[in-house]
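Each chain gets a letter, A, B, C, D, E, F and G, in the order it is written, and its residues are counted from 1.
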Amino acid sequence: MINVIIGIFLLLGGFFALVAAIGVLRLPDVLTRMHASTKAGVLGSSLILIGGAIYLAETEITARVIATIIFLMLTAPIGAHMIGRASVRDLKYKHNKIRND
Amino acid sequence: MEQLLSILIGILVASAVYLMLSRNLLRFLFGLILLSNAANMTIFVAGRLTPGAPPLVPDGLDEPAHVVANALPQALVLTAIVIGFGLFAFALILAFRAYQSLGTLNTDEMRVAEPKEPQ
Amino acid sequence: MTSAAFLDLAIYASFVMVMLSLAIAFIRLAKGPTLADRVVALDMMTVSIIAVCGVVLVGTGEPALLDVALVLALVGFLATVALARFAERRDARENGEHQ
Amino acid sequence: MNSVILRAGARLQVVLLLVFSAYMMLRGHNAPGGGFIGGLIAATGFVVYAIASGTADARKALRFDPNDIAGAGLGIALIAGLMAVFWGDALFTGQWLFIGATETEKGLPLSTVLIFDIGVYLVVLGSVLSITFALEEAV
Amino acid sequence: MNLFLLNLLLAVIWASLWGSLTLFQLVAGFVVGFVTLWIAQPLLGGPNGYYLRAYRIVRLALYFIYDLCVSSIRVAYDVLTPTDYSNPKILEMPLDVQSDIEILLVTNLISLTPGTLSLDVTPDRKTLIVHAMFADDPDAVIASLKNGMERMVKEVFEA
Amino acid sequence: MTPAGLLPVVIAGSLFVWFAQMVPVIASGDTLRFVWEWVPSLGVNVSFYIDGLSLTFALLITGIGALVMLYSARYLAGHIHQARFSLFLTSFMLAMIGLVISDNLLALFVFWELTTITSYLLIGFSHDTAKARRSALQALMMTGIGGLALLAGVILIGTTAGTFEMSEINAMPGVLTESVMYLPIVLLVLAGAFTKSAQMPFHFWLPNAMAAPTPVSAYLHSATMVKAGVYLMARTHPSLSGTDLWLWALTIAGAVTMVFASVMALRQTDLKMALAYTTLMALGALTLLLGNNSSYTITAAATFLIVHSLYKAALFLVVGILDAQTGTREAGKLFGMARAMPVTAAAAGVAALSMAGFPPFLGFIAKELSYAGAIAVDSEPFFVAGAFLIASALMVAIAGIVAFRPFWSKSGAPIAGVKEAPWPMLVGPVVLATLGAFFGIFPQTLATMLVNPTVASIIGDAEPAKELKLWAGVNLPLFLSIATFALGFAIYAATNKLRAALINLTERSPKFDNGWDNLMAGIASGSKALTRVIQTGVLYHYMVATFGTALAALAVTLFLRSTGTPALDFPQVELWDWLVFLLVLSGSILVLVTNSRITALAGLGVVGISLAMVFIFYSAPDVAITQLLVETLVVVLFAAAALKLPSLSVEPLRKRWLDAFIASGLGVVTTIILLKVTAGPVDRELTTFFETASYPQAFGQNIVNVILVDFRALDTFGEIAVVLIAAIGIFAMLKSKPEEEKR
Amino acid sequence: MSWYLTLPLAIPFVTAVVAYLLRSNPVGAWVSIIGSGLGLLASIALMVVVLDAGVVVGQMGNWPAPFGITLVADLLSAVMVLITAITGFAVAIYALGDITERQAKLGYHALFQLLLAGVTGAFMTGDLFNLYVWFEVMLIASFGLLILNGGKEQIDGGVKYVALNLISTILFLTGIGLLYGMTGTLNFADLALKVEDIENQGLLTVVAMMFMVAFGVKAAVFPLFFWLPAAYHTPSFSVSAVFAGLLTKVGVYALIRMFTLVFDHDIGFTHTVLLWVACLTMVIGVLGAAAQSDFRKILSFHIISQIGYMVLGLALMTPLALAGAVFYLVHHIIVKANLFLIAGIAKRLTGGTEVYRIGGLYKSAPFLAILFLIPAFSLAGFPPLSGFWAKYIIVKASLDVEMWFVAFIALAVGLMTIYSMTKIWAEAFWKPHPDGLDPKLQNLEHKWAQLLPVAGLAALTIFIGLNPEPFVQFAERTTVQLLDPTAYITTVLGEM
């Protein structure tokens, strides 16, 4: 039974990771691509790590998994934000357009 | 896998050398990174590969229960990576300063220490 | 099929998916076109590696890999920050970066 | 770098990474980690901070001149290596002291090896920061 | 005061990292945390009122995790189905929260939730620049963000 | 006169006395030997051996030395560098003494080189003039070449004979002449002797050496140093002579030098140069005579050696006096100075008569003996005698030109207001000239004291030395003498015509001296050209050379030495292995092709990450973490530095076939070697120890970390030192301000 | 206990740390001097012990060889350590008059001490990878010292120096990996034994060649020497003195160590290659020198040609030849370092190093002139100076094995050396200064700080020259150890 749960976590995680990557490849511009990587990417790896935590079932491991996920969720958006700034400079015209409406 | 990695290392070496032979210091630096990676990999591969068994002594035991990966090459590679980082950092900043004071990254134009003699 | 078999299958499948995500992200990295795109791709690859660690962790039952994931989660974004800042500060004259 | 978000994040990062780096260093003897990895992690924290708030603030936050930190680190490692002398052993012979050791519990291990690793930690931290700060100030 | 709390927090984190919530680990963690904070002193405005907020934190966390999953599924759907991204927009959302930690939370959470991604906060800390994937009605999007994430975060940090 | 000037006189004088008191012992046929072990493990001793030959030389060196030094004490009085001059001259004398009394060939060589150095410093004494510097270098290089040849010869002699002690070697008849090494030995030794004694074609440095102050010329270039070569030939005569090689080499070199030199002497208008060439002639004569083994020739050689030293030193000093008192050495400007400087004139006259070989002077006896020897030679008596005839006749003429015309000739007006030289400068010429006369009248004293022992030490006592006497009866040598005088006077009478003829002849003929200049220029330009090709100053060339060498070394060795071909059957290669492989491959390609720094950086990042995955898969978590951290830092540093660096130049469409070849070659070679190395299992002895000792003995569960901080802590210590140093260096680079670049 | 062994290594490190923490304080220079002095005493002590014991080993961390890292001092190591300490001490004093306050603040003294430490470590380690580490310490320290002035010339020279040395470093590292992959060990002694069990000895030769190239770059042999003339004339004189004295010698030492102890399985191939390399190095180097007119460039090229002599000694591999190589190493370090120090004084007096643009030293600074003549003529191989015996032994060794051509080259190169040395002498010393300058030693700041080391080294040259016997005997004892490493191996690995 536990194995199945772990398996599902892994499969979901892998799925979201893959989705995120496809998103990064397929979505039309850098900003939309970042949506994929930050959201699906983070979720995917988190799910897989949780699967690992359940699999090993040790307090220490669990603690570190939680830590990892927190770190991930803390850093990923900041990274996205930085890229966002950069690309907004790239797409300044858009930015101005927004400011105008 | 040793074989595949051997080929991989060959590829790394080839790309690295080609980059280092270009007359641009930045490309030289790229090559340098690849080449040190190749060297580190060489040591790692020379120690042979063992998947999924890090050289750790499990709690409550005096030594690994089953075969674990060769620890010595890992230690060597670690040291080599660190040293490689030091060297790279120096080389990078040297290139940086070279551009500042010589105004070029093209090594053909770096002729201050060994100037062209008037023919 | 037994739960154990299912787990093995799941491990393998998710491993393949994760590796694929790496490969696909790389394609974006190679294609660009903008600097930001490449950075996004690299960022994505970092996240994928974390996932890889997780899968291998389950596959080998080797907790040591968790540390790799942890470290990546911590510093992975440093590269992103540095590159993004570069992209941002890059002068207009260096449009060479675009193609 | 005038990013409110990054600055805010960076401060948190410094704290978390410092704790984490200490953790990685201390456990290094029994699990992945050690002085070098610890030092690097600690350094990344301050590097982020330097990028976010500028090297001036970063140097203030660090309090000590990174060069001195590195130098002191080498000194500490050296002392750790030379300490063996007081036990009449060859250089870099590990000397161990187990605080509160009992038959069952190994107790808290203190050793010249640990001191050595601390030295490594400091050298790496100091050197990396010295390099990055100097570079940040040059660009 | 709040420093002391943060310090405790660090002690706990430390102990949990070691995976053993023994007294010794807590003490060690406290010491390490103290050193850390001493080093990090200049950086910390620090959170206030620690215990009061436990409940709201948990609520926020749950809400966020739910949102994250939803948003990811949404992304998955968009990615895997031929969708037209007719009007992704860059919006400006007036920002009420002021402290670093709050801004950080808001922006991060917004980035991790459906359709929106925080790009930047203007230096005057008054506006948050958000990228919305489906901004057919910008004001609606902004409203949902303000009443959603920002409100909860604000509540967490209210005195 | 200053102490700096007089001290050398005292030294030389006392040494002369010390050697003089050995004369009776040596004359009685004994020899003295003193040995002090210097470098036994190389067979080098400081061993002094005093027999007739060395004693004769020692006496000439110290005796003439004392006189010359007295002379120069006055000649250089007040010169700012007189002290240095005295120092050099004295050290030269000591070196010269060491040379002639050393029994150990290596010790002899040491002194030989010391004379070279000191004479270099003496010839370049007036170092402000380019001419002096050039002559000094020329002398140094020529004698230097000879010296190196001699060194090789000495080593060969040592290894062939098993000892460096000349006395022992000479006691082993045929040990050298019959060895396979004989030819190289003779050639090398003669190369040393000929260059030192300025035999054709190594002669040209000697006339140039006249740039030195006159006392130096008088001492080094007539009496002593140039005779070192003669001494060497005499010293090695017992063990090297007696073969056609020896005979003909010395005969030809000697004869050619002799005639050429005396003709050149006639050509000179500068009296000092004329004397220089007559010195050459004398050296040629001595060389020629030493080629033979007959008692006649050797007796002649011994006698001629002594007499030449006496009169030549005297005449050089006389010319020096003329120069000092009148300010010129030009034959065309000096007439009838006898009234102004009678003592000089007298000394000059006596010395010149000896030189010209008039009875009753020693020169006459020497000449007679030489003719006797010439007739007795084993080679071609007729030609040899002819050569002597021409040379001696020219000597007569030169004697007239140098010592008669300036003082007695009425064909020009004497320079007014010239005073006689001060006594210290006169002592030398007078004493030397007088000795020439004295020994002419009492040849037996000289014979018993020096000549006979000398001859004995050259050809042994088997055949006693020929008797020295003024009247040897009516014989062929007498007739030759008469012919000599007749011819000599004729030449003297026709001097100016002949000189004119010779001058425009030599103008047109190629000069050795120019050859030297061309050689020097050739070395300079040649080496410059070569260096331009090799040390181009272009980093690219250096890199190609370095990588190329590596490739060549590895590939060739692999081809020549290594056996077997590596197998390529990818066992247990998993899917993800291939994926990593592809990622690294494409990452590297990305770096190779892109012109965008950040793309390149990203490519590197991919490579780094993928390699980190290899570490993850193959159980190296510490390495993986480190790799990732370092990779990140590299990116950070690069991204920061790139802010101030220009973007990558678009690779020009240069054909980089060479680079591609070297690069791919190295890649292939690396792969092959690695495949061969990893073909079998690895010896895990060390690892096993670490695994078993890590926890029980080093209290650590992370074996890698235990290796780093305990088993191999020294590595880690060095490693952090590297990091620290890198930081220091980088800090220094970044903090050195541009304005400080002007230094 | 291995104290004699560890002190010469520990002292420079301690000195470096102290000097670095005091870098902004003028006392730093004295720290460096005192440290070097103590280091000198320590290495003398080591030499005394080694002379008595033959081989001394210290197992770092008390881990038995081949598991831990072993420090080994046989006669060769001991003498190299001693000569390093001597040079270091001399240069440390000289630095008083040569190193600017700014350079000191940037950490000159620490870098200098760390360089000495790296060199010493390289000479004393008995472990291949540890040797690599010390090479790096030395290399990166030399990088730092090279560019410390931050001038255009230093940077440009630095680029070439760094680029080419990094290549050799990575080659070395790769070689270590391969050799480990074949033998599974890193300890020299253990390697010496284990290489004999390798069945594919040909492959071993290939790896040996990799090391030869790597060390060849370090030793600056033909055709791998380019980095040396590109850089050695650019840094401060103390720096180039210690570079000229020590750095290339570490490469030569490594060649000697590896190709007598470990790679002695295919001498017919490896040492023949070395022989040709040696000859070409001698010739090209000396011709390069003949083409130069800069004091330091002339000296730099001569380093190369004389490296050729040492490599020749190794290539011939006869007892006498190896003894010659050892003797040459010792002699050359002293003499060449000294000449660079003198070049520095000459520059400060005459305002340049371009010999055609300076002069007048013989007239105005006779003491300096004498101090120059001694090492210069020694370098040119004139008796009775140290260089003569060095040259003599090498030439005799090659004649003994009837290598006429080699002997001829060795001698001819000697002649060309005379040529360049006299060029310096005639132009910089004899010739009057073109600008009528009159370079008196009195005008020199810290006069004695600069003259004492020079005089000391010159005295050493003369001493060796006049009293070569003990040195020759020492060299021969060293050679015995090198050619029969049994003692070395058993002492390191313990009686087995």
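Throughout what follows, contacts are C-beta pairs under 8 Å (C-beta built on N, C-alpha and C of every residue); 3 or more make two chains touch, one makes a residue touch a chain.
Quantities reported herein were computed from a predicted structural model and do not represent experimental measurements.
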A correct list of chains touching both chain D and chain E reads A
If you average the CA coordinates per chain, which chain's centre is most distant from that of chain G?
E
Please list the single chain whose C-alpha centre lies closest to the global protein C-alpha centre.
G
Between chain E and chain G, what's the gap in Å when you average each chain's C-alpha atoms?
61
Suppose each chain is reduced to the average of its Cα coordinates; what separation in Å results between chain C and chain E?
23
Using mean CA coordinates as chain centres, what's the chain A-chain F distance in Å?
80
CA centre of chain B versus CA centre of chain G: separation in Å?
27
Chain G residues counted as touching two or more neighbouring chains:
13, 20, 60-61, 107, 110, 129, 133, 136, 140, 143-144, 147, 150-152, 159-160, 163, 167, 174, 178, 180-181, 229-230
Shared-interface residues of chain D (touching two or more other chains) are 3, 5-6, 9, 12-13, 16, 20, 30-33, 36-37, 40-41, 44, 47, 67, 71, 74, 78, 81, 91-92, 94, 124, 127, 131, 135, 138
Touching at least 2 other chains, the residues of chain A are 15, 20, 22, 34, 36, 42, 44, 58, 60-61, 64, 67, 71, 74-76, 78, 80-82, 85
Pairwise, which chains touch?
A-C, A-D, A-E, B-C, B-D, B-F, B-G, C-D, C-F, D-E, D-F, D-G, F-G
Under the definition above, what is the set of chain D residues touching chain A in their complex?
3, 5-6, 9, 12-13, 16, 20
For chain D, which residues are in contact with chain C within the complex?
1, 6, 13, 16-17, 20, 24, 31-33, 37, 40-41, 44, 47-48, 51
Which bits of chain F are touching chain D when the two form their complex?
621-622, 625-626, 629-630, 632-633, 636-637, 640-641, 643-644, 698-702, 705-706, 708-710, 713-714, 716-717, 720-721, 723-724, 726-728, 730-731, 734-735
Under the touch definition given earlier, write down the residues of chain G that touch chain F in their complex.
13, 20, 60-61, 63, 66-69, 102, 106-107, 110-111, 114, 117-118, 121, 125, 129-130, 133-134, 136-137, 140-141, 143-144, 147-152, 159-160, 163-164, 167-168, 171, 174, 178, 180-186, 194, 200, 202-203, 205-210, 212-213, 216-217, 223-224, 226-227, 229-230, 266, 269, 273, 284, 287-292, 362-363, 366, 377, 382-384, 388-389, 392-393, 395-396, 399-400, 404, 407-408, 411-412, 414-416, 418-419, 422, 426, 430-432, 468-469, 472-473, 476
Residues on chain A engaged by chain D in the complex (per definition of touch):
67, 71, 74-75, 78, 81-82, 85
